[in-house]
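Chain lettering (A, B, C and D) follows the sequence in which the chains are written, and residue indices restart at 1 in each chain.
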Amino acid sequence: MISLESDYITGAHPKVLQRLIETNEEVQTGYGLDAYCLSAAEKIKSACQCPEAQVYFLTGGTQANATVITSMLEEFQGVISATTGHIHAHEAGAVEFSGHKIIPMPHKQGKLNAEDIRRYMKTFYADEAIEHLVYPGMVYISHPTEYGSLYSLAELTALSQVCKEYGMSLFMDGARLAYGLMSRRTDVTLADIARLCDVFYIGGTKAGALCGEAVVFTHQNAPSHFMNRMKKRGALMAKGRLLGAQFEALFTDGLYFEIGRHAIDMAEKLEAIFAKKGYSFYMDSPTNQKFVILTKETLERLRKAVAVTVWEWLDADRVVVRLATTWSTKEADLELLEALL
Amino acid sequence: MISLESDYITGAHPKVLQRLIETNEEVQTGYGLDAYCLSAAEKIKSACQCPEAQVYFLTGGTQANATVITSMLEEFQGVISATTGHIHAHEAGAVEFSGHKIIPMPHKQGKLNAEDIRRYMKTFYADEAIEHLVYPGMVYISHPTEYGSLYSLAELTALSQVCKEYGMSLFMDGARLAYGLMSRRTDVTLADIARLCDVFYIGGTKAGALCGEAVVFTHQNAPSHFMNRMKKRGALMAKGRLLGAQFEALFTDGLYFEIGRHAIDMAEKLEAIFAKKGYSFYMDSPTNQKFVILTKETLERLRKAVAVTVWEWLDADRVVVRLATTWSTKEADLELLEALL
Amino acid sequence: MISLESDYITGAHPKVLQRLIETNEEVQTGYGLDAYCLSAAEKIKSACQCPEAQVYFLTGGTQANATVITSMLEEFQGVISATTGHIHAHEAGAVEFSGHKIIPMPHKQGKLNAEDIRRYMKTFYADEAIEHLVYPGMVYISHPTEYGSLYSLAELTALSQVCKEYGMSLFMDGARLAYGLMSRRTDVTLADIARLCDVFYIGGTKAGALCGEAVVFTHQNAPSHFMNRMKKRGALMAKGRLLGAQFEALFTDGLYFEIGRHAIDMAEKLEAIFAKKGYSFYMDSPTNQKFVILTKETLERLRKAVAVTVWEWLDADRVVVRLATTWSTKEADLELLEALL
Amino acid sequence: MISLESDYITGAHPKVLQRLIETNEEVQTGYGLDAYCLSAAEKIKSACQCPEAQVYFLTGGTQANATVITSMLEEFQGVISATTGHIHAHEAGAVEFSGHKIIPMPHKQGKLNAEDIRRYMKTFYADEAIEHLVYPGMVYISHPTEYGSLYSLAELTALSQVCKEYGMSLFMDGARLAYGLMSRRTDVTLADIARLCDVFYIGGTKAGALCGEAVVFTHQNAPSHFMNRMKKRGALMAKGRLLGAQFEALFTDGLYFEIGRHAIDMAEKLEAIFAKKGYSFYMDSPTNQKFVILTKETLERLRKAVAVTVWEWLDADRVVVRLATTWSTKEADLELLEALL
């Protein structure tokens, strides 16, 4: 039995685990002030070419999203998201639970469009009843998106531009950022992201860590007393070293990028296997998630040996299945998959 | 340089780490539904002699406290806590941040008294303006308390009784439960706790885990859709296996109790060293935290070689210092300390 | 200068004001427990043919909506609303501010469709990641809607049915209920509403009161300690008599219906005037709000003598204007309007 | 049967009611932007000798308190209050419901002491674990207090000073301000309050209005988009004229002060009656509330003809009773009371 169910099916990349083992018995102070958090933050700032960045380590994606969004927004503001955005669709209402509205907008393959936002903002500021509305204070994007698609540098620049025009923060959910950065079809670098976004996070959980997301505020714009805000949301880890040591490993010798590249390589092979066998894809995805259309019969047969995620039923017989690769995906897994098709 | 600063200064107990290493490359499903979470839950239920218990794994103490309290309370209810209770004093207002009042009550050495609560409740229900008040819906206690003290079985039984009388849940914060259970001066067992409390948690972070607290609802009283409630609080870990595997190790072959016992042994030796040298203690603590009174001069000298926590200044020259032992405290550390005194 | 800007441009209907004057110097107890609140509640229960109803008086529409929704929903639940629903579009995010997601759904002329909801719920309960979603726990409708349209008895019955199927409450925002009940094109009575909805409110502010909305829970389903919940939301008026006396007047000798009928009569005349002059309507509305399409030039000319609300610009030259009638609209106002067209 | 139960037992002062009657049929715009709100705000600014003030009208005391406190505080801040403070003791946890902790402090006759606060702040800022605490961001006082006592100008100046030292806002709950200003034993004027507080409110509900509290931000320090923040708390009245017209009346020809003076006169007579008959007082109160100690037997006898509030039982036989005067208290009421004693 193999699994292509998600990119968090196995533990930590061996080099990440190794760092935890090596540092385990050292005495370190708590709450993110240990030597590894500090060192990891420096390495991340360097990788982002963003010396003025502020870096905080949180445990998981929903926690990172809700903490960043609800601590950056003013009380009278909400956050714009694609209707497919993870915060809108799959986080159990965590943002609203902390008091802020998500303003849903239409998407194209999971992406927001700067021009749509500009149009929305123009109408918004022309509304005579504006104080009865929720002020948009942030734009949330995921990169890669929930569909595995990527913003181009031009698209990201345009989003950054419209946010600046209307005084909104641009926040990138980078839960799968490793796969976005290492896609063969991207022109966006980590330095571009740090330059164009006000805040983003570098996902660890889905890219080789046991847990952990590194939140990067790019221009000294972290909300004041951010540590206190984390604490009050239950998001401040006592042994912060667990997060620090992992990110220290991920940003040493390019490991984070190596993990991304391996998964991309595996995903491309996987895609080629399906294509060769004549399957069609629900959409084109340049990252580590592939969305294949199967018949019900094929799904049932496949599931006996391969764990996959059912994305959506197109009709009674055809289903979109998501397959994801990760640091632990092996060529042998794909060969086995090929044999089954 | 040695550290007696807290019980979370080092990583995981070697056996806990070993379990993470062994299981690292296995494929496991996410969100607390993996084999290790399931197995750890069974072992905990068995250790508690509470087959009907429901067990959930959260990341840290503040998160566990806020999630349990605010998901169990009705909207019109608050939680009674000692003024020294961690939720009242040291969690950055996390409970209030989620909408509930903490009703502070006086303490004796960190402990609440059942009779005080009964008196409060009688007055409460006699108030003609009751709908303008906050209904007490839960009693929060920590065991050991923030001062290292312990409830006796009689005290705990009395608290359980008054809670039943007034329809309140009894919630025990067991961040340091290992040290309470293994104190030589306790008559309270894990089974007693499971029998007398409605909900409690078994602390991992401060007892040999990298992170993790096991929340135990003792009589099928977990709030409905608790997983959804965790998710919406950013408290649902994607690779839940990290928590499951650690607790699986802690509750195999009595490791959790062994860790507690070691720290208690070290704490008793530490106490004997100070006593022998003629120091006095701020209070009597039967667990792994000792509160010693030092002069300013001694503190300064000590801190050159030993990390400790300043608890409270009694006057300009005398200071209460907290020293805590843990799984990694060594006899050699104590010998070095003795040499310095 | 006349005003057709909204239905809350003048004070109270003379008979409502008279009741305030008559009762002003009487001693009455506070917080909604006075004789007038009790009597008004009885009269409302009788008008609803719903003896088991529980009636509470709140100050305004947003307060009523947010209080009802967020106190009835479980923490893991959200509320379904049309994208045009007042709570989604024009209440500054009040529902989300208290922690709950609004699940927006497409509308037809401001109305939700039972079949759309059923389809949504089927997909919802089939989702393998259901605990990552927000459970729909309530359906919010407004009647009349924000566009002045009305549910037919068949439509309302179908909505009630789908709510029952999926364990959701049906909540009707009746800010303008007077105009819905007295429309010449409705087959829905107050008794039907009490029978089919779990909770609704009878709007006073927009129907002849100075302020006040009467929330009706139809089957002893008010959240426990509702008065406490109101208090904690700042929604419990000390001199509740202000609300009680007004509703007591509104539900004596059919005043509420008389007020509704007068506004409907005026609205029909207004509609006839525009129709006769050849103007077109943005949509057909059977209640007290009419949506007329004007040219920019006509709008400018009209606004010199008539206050109206700009609803939406169709293009650079054509604008939808809303005109609303109320208890104080006079035939003379309409004659003046006609002269201006 | 007469009532001395509270100061909100009757409707509006005749002159307030008269203004509502006179203005009832005028067309006015909604949401606090009507001519009366604007005029009332000007009159209040003038009475406060504070031309740069911003004035907003809310419906009741709990709503005013919670709205001001939770919209002015940063997320990481809480509010200091006497343990007897209305927000801590009698508002059903409204402040915590909106996410902020109340930091309770000891009181003397309901009053906070500047030196106590200074000591608390010194310890607070010396705490090594400060990010785990709640930052005090505001000091809440009531004037008159819940016990009817008053701050002297020196005490108020000292509170203002300590707030400035530590960057906290000083907020005065003036639910009964009329009685504080008109006490014969005060040296504090409305202008002093406007000069020394950052924000306060002038209570209408308990001083002759049907409802309404005028919140005054004294130095252009209203939170941005305050109207939006009111709306999202359900605290923005559609027919804001109801509040505006009443405050316009209260601040015309000194009516607010006249109302206060009348109640003070009646309270002094009431006090003299009890004193003459040999009753003792629980505490000395210079305003419109008097706290008399009665035997159980006297209470029972009295309650047959006079409504009073039971404040607290001292023992099985002795009870503290609160008697309050208001605009509608008559000399005849007091004569009747005297006859009963």
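Just so we're on the same page, a residue touches a chain if its C-beta (ideal position, glycine included) is under 8 Å from a C-beta of that chain, and two chains touch if they have at least 3 such contacts.
Fair warning: this is a prediction, and the values are worked out from it, not measured in the lab.
Asks: Between A-D and B-D, which chain pair is linked by the larger number of C-beta contacts?
Replies: By the number of C-beta pairs in contact, the winner is B-D.
Asks: Comparing centres built from CA atoms, which chain ends up most distant from chain B?
Replies: Looking at centroid distances, C is the chain farthest away.
Asks: Just how far, in Å, is the C-alpha centre of chain D from the one of chain B?
Replies: Spacing between the chain centres: roughly 42 Å.
Asks: Taking the mean of the C-alpha atoms as each chain's centre, how many Å separate chain A from chain D?
Replies: So the centre of chain A lies 50 Å away from the centre of chain D.
Asks: Using the touch rule from the top of the page, what residues of chain D touch 2 or more other chains?
Replies: Residue numbers touching two or more other chains: 75-76, 91-93, 97, 99, 131-133, 228, 231-232.
Asks: Mind listing the chain D positions that touch chain C in their complex?
Replies: The contact residues of chain D facing chain C are 1-3, 5-6, 8-12, 14, 17, 20-21, 23-30, 59-64, 66-67, 91-94, 97, 205-206, 210-211, 228, 231-239, 241-242, 307, 328.
Asks: Mind listing the chain A positions that touch chain D in their complex?
Replies: 31, 71, 74-76, 99, 131-133, 135, 223-225, 227-229, 231-232
Asks: Note which residues of chain B are touching chain D in the complex, please.
Replies: 75-76, 78, 89-93, 96-102, 104, 128-129, 131-134, 309-310
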